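Starting off with a structure, shown below.
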Amino acid sequence: MIEVRRLVKRFGLKTVLRDLNFQVDSGEFVALLGPNGAGKTTFLRILSSLSRPAMGDVRIAGFRLPGQAAAVRHILGVVSHQPLLYGDLTAEENLQFYGKMYGVPGLERRVAEVLELVGLTARRHDLVRTFSRGMQQRLAIGRAVLHDPEVMLFDEPHTGLDQDASLMLDNVLREVAARGRTVVMTSHDLARAADLASRFDVLSRGRIVASTKRSETPPDQLLGFYRQAVAEPAGGSRQAESQMANESQEA
Amino acid sequence: METKPRLLSILDGVTVLLLIAATGMVFLYAPEEAVMGQVQKVFYFHVAAGWVGMLGFLAAAISGIAFLRTGDRKWDIASLASVEIGMAFAFINVVTGSIWARPIWNTWWTWDPRLTTATIMMLIYAAYLMLRSGIEDPDRRARFGAIYAIVGFISVPLTFFSARLFRTIHPVVIGANQPGSEGTFDMTPMMLQTFLFSLLTFSIIFADLLWHRIRLGSLQEKVEQLKLKLNV
Amino acid sequence: MPNYPSEAQNLIKEGIPRSRSLSFGYFRALWAIVWKDLAAELRSRELLSAMLVFALLVILIFNFALELDARTRSNVTAGVLWATFAFAGTLGLNRSMAMEKDRGCLDGLLLAPVDRSAIYFGKALSNLFFMLIVEVIVLPVYSVLYNLNLFNPGLMIVILLGSIGYVAVGTLLSSMAVQTRTRDVLLPILLFPVVIPVFIASVKASSGFLQGLEMAEIWPWLNLLVVYDLIFTAVAFMVFDYVVDE
């Protein structure tokens, strides 16, 4: 479903993603873990077609990004840590707006369905700026599933949520994932991710350094797996040094 | 380490020679104008500077389009270089215009179309530089700079036409048939030669400075790259 | 072909939806954006009230700055009006874009499967509406304050054409300015030098209509306005993609 080969992304002269390879089959729920600054958000932005790769091959459902981005957007649902909602509109109006943008058929009914799904039917006539962070996040997920996308991308959706709100969010996430959708979720929260995902990949220093399935690594060993993946062995830094020596010789 | 290319050194020499020759022509070769006297000689460098100012703008816009098309950073450096140099010459243009205006029309400033447009052009240049300085991400800085260079360049002819629909007291040397344009003078052949030679000289100066500035920009980028490698 | 889910398979079979074309989806998205801006503004009224109050304050300042006695008034009216619109306009442009940027909503718009230019035209249209609303309110107020009759159809046309030009360039530039550090301050600096032809032509044409000059004298200015509007709408349309694509 998602195929990424040798992806490179630079910001000016700084290389953020280097030679990144990543593959997700249809229906998998992948938790993308990694330290801050590893490039998780950048990677997700590229997958959601908001950012262009400098080099490499990125395909979703066979469509190439960025060339065929327009096609990909139809089947993509994205939740980032910003809610992407208009504060001065009601929950219902927000969904109606996005429904029109995506050309969702049977909009009225669909909006009611989605509000029900995320548990906000009671607050549908309230302005979004009166919502708590948790409610906004739930509505954001509603916005993301409105057009029934096949692929969902979540960028640290639990950020800023308290325990109750997180639990509610997890329920929604499970329901969303249960429909056979392909999900990629970045997260800081190992415990939460362990609960939801079927696969765990670690992104560190611009590339995927480790990957494991839920069946291979039980939840209590996940932390150890992560620590090991992130702590680059001595061989890694030696490799970086010799690379630098080569480059300064060329200059 | 990169050394200065041989061709650039030659161009430097040629530029200096041309400038000396042009100055000589202005003061020794070109005759003194009947009505305005010595002050009129400012005209040669004044118009040449204005010409280079416009040239800088054109170069910036073309580099901008090239950058948007190709994404090659060297076009961005070229665009910035053109704006910086063009701005300097546009400033020279306005100041020499002022020097010329004072003894002739007894005023430091006139709101006539050419001068007004030149000033607005300088303001667009300044806005371009301010836009760039407010952006951290180099790629975005280059894209936005390119867009503004294009938009700014297209607006200049329109500004000129709208300012020209006003009356003018600016000397209309080329096309002096316009009614209502005072302070004109006809150019004798010797004056024409001096004028064209000044135009050529200033164009070469522009090319020379542009090359130097682009080189500077490229070297700066190399330094940044090396810095990043050492940090990582 | 690999076992892709049905919707993706449909897309592959039928080909990529041509959202670049002026299809129904394009216009629906465009109007959705306009409607969204108008609805949000109707609720909060932040933008319009700010623009209106500012416009009236500017007129007040001009009142003390210039000697607006009965005679000079008619000469100066066009200039004062357009200066007011220009300043109040930057307020509207800034706020309109800031709304999208602040909650990340611009990303929301960019994720939608529509051509980027629909976003540009949608925002430009709603900006135009706001500007026109402010102008429509300022005109009668000015008429009352200075005992002038400003209900002149020619003037209305000039206001429309001038606002279009202003908003066409302003929307493009504000979409850039909002992404810089110096945000609010930068927009007038970027916008005013480039929008001078609109300013000059609008003032001259307005003045011409108000003073009842011959059409022959006013035509060149109207032509200039139309040319400017066409050129810059086209340029903005072509260039907007580069503003939002990273």
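First chain written, first letter: the chains are A, B and C, and each begins at residue 1.
Definition applied: a residue touches a chain if its C-beta (ideal position, glycine included) is under 8 Å from a C-beta of that chain, and two chains touch if they have at least 3 such contacts.
What you are looking at is a predicted structure, and each value in this text was computed from that prediction instead of being measured.
**Student:** Considering only mean CA positions as chain centres, point out the chain farthest from chain A.
**Tutor:** That would be chain B.
**Student:** Given the two chain pairs B-C and A-C, which is bridged by the higher number of C-beta pairs in contact?
**Tutor:** By the number of C-beta pairs in contact, the winner is A-C.
**Student:** Starting from the mean Cα coordinates of chain A and chain B, work out the distance between those two points in Å.
**Tutor:** 49
**Student:** Calculate how many whole Å lie between the centre of chain B and the centre of chain C, each centre taken as the average of the chain's C-alpha atoms.
**Tutor:** Whole-Å distance between the two chain centres: 32.
**Student:** If you average the CA atoms of chain A and of chain C, how far apart do the two points sit, in angstrom?
**Tutor:** That gives a centre separation of 36 Å.
**Student:** Quick check: what residues of chain C touch more than one other chain, meaning two or more?
**Tutor:** 246
**Student:** Multi-chain contacts only, two chains or more: what residues does chain B have there?
**Tutor:** Answer for chain B, listing residues that touch two or more other chains: 139.
**Student:** Among all residues of chain A, which ones touch two or more of the remaining chains?
**Tutor:** Residues: none.
**Student:** Along chain B, where are the residues that touch chain A in the complex?
**Tutor:** So the residues of chain B touching chain A come out as 137-139, 221-222, 224-226, 228-230, 232.
**Student:** Write out the stretch or stretches of chain C touching chain A in their complex.
**Tutor:** Those in contact with chain A are residues 1-5, 7-8, 11-12, 16-17, 19-20, 25, 28-29, 32-33, 35-36, 39-41, 43-44, 99, 103-105, 107-115, 245-246.
**Student:** Going by the contact rule at the top, pick out the chain B residues touching chain C in the complex.
**Tutor:** 68, 120, 123-124, 126-127, 130-131, 134-136, 139-140, 143-144, 146-148, 150-152, 154-155, 158-159, 161-163, 165
**Student:** Which stretch or stretches of chain A touch chain B in the complex?
**Tutor:** 11-14, 240, 244, 247-248, 251
**Student:** Touching residues of chain C toward chain B in the complex: what are they?
**Tutor:** The contact residues of chain C facing chain B are 169, 172-173, 176-177, 179-183, 186, 189-190, 192-197, 200-201, 204, 220-221, 224, 227-228, 231-232, 235, 239, 242-243, 246.
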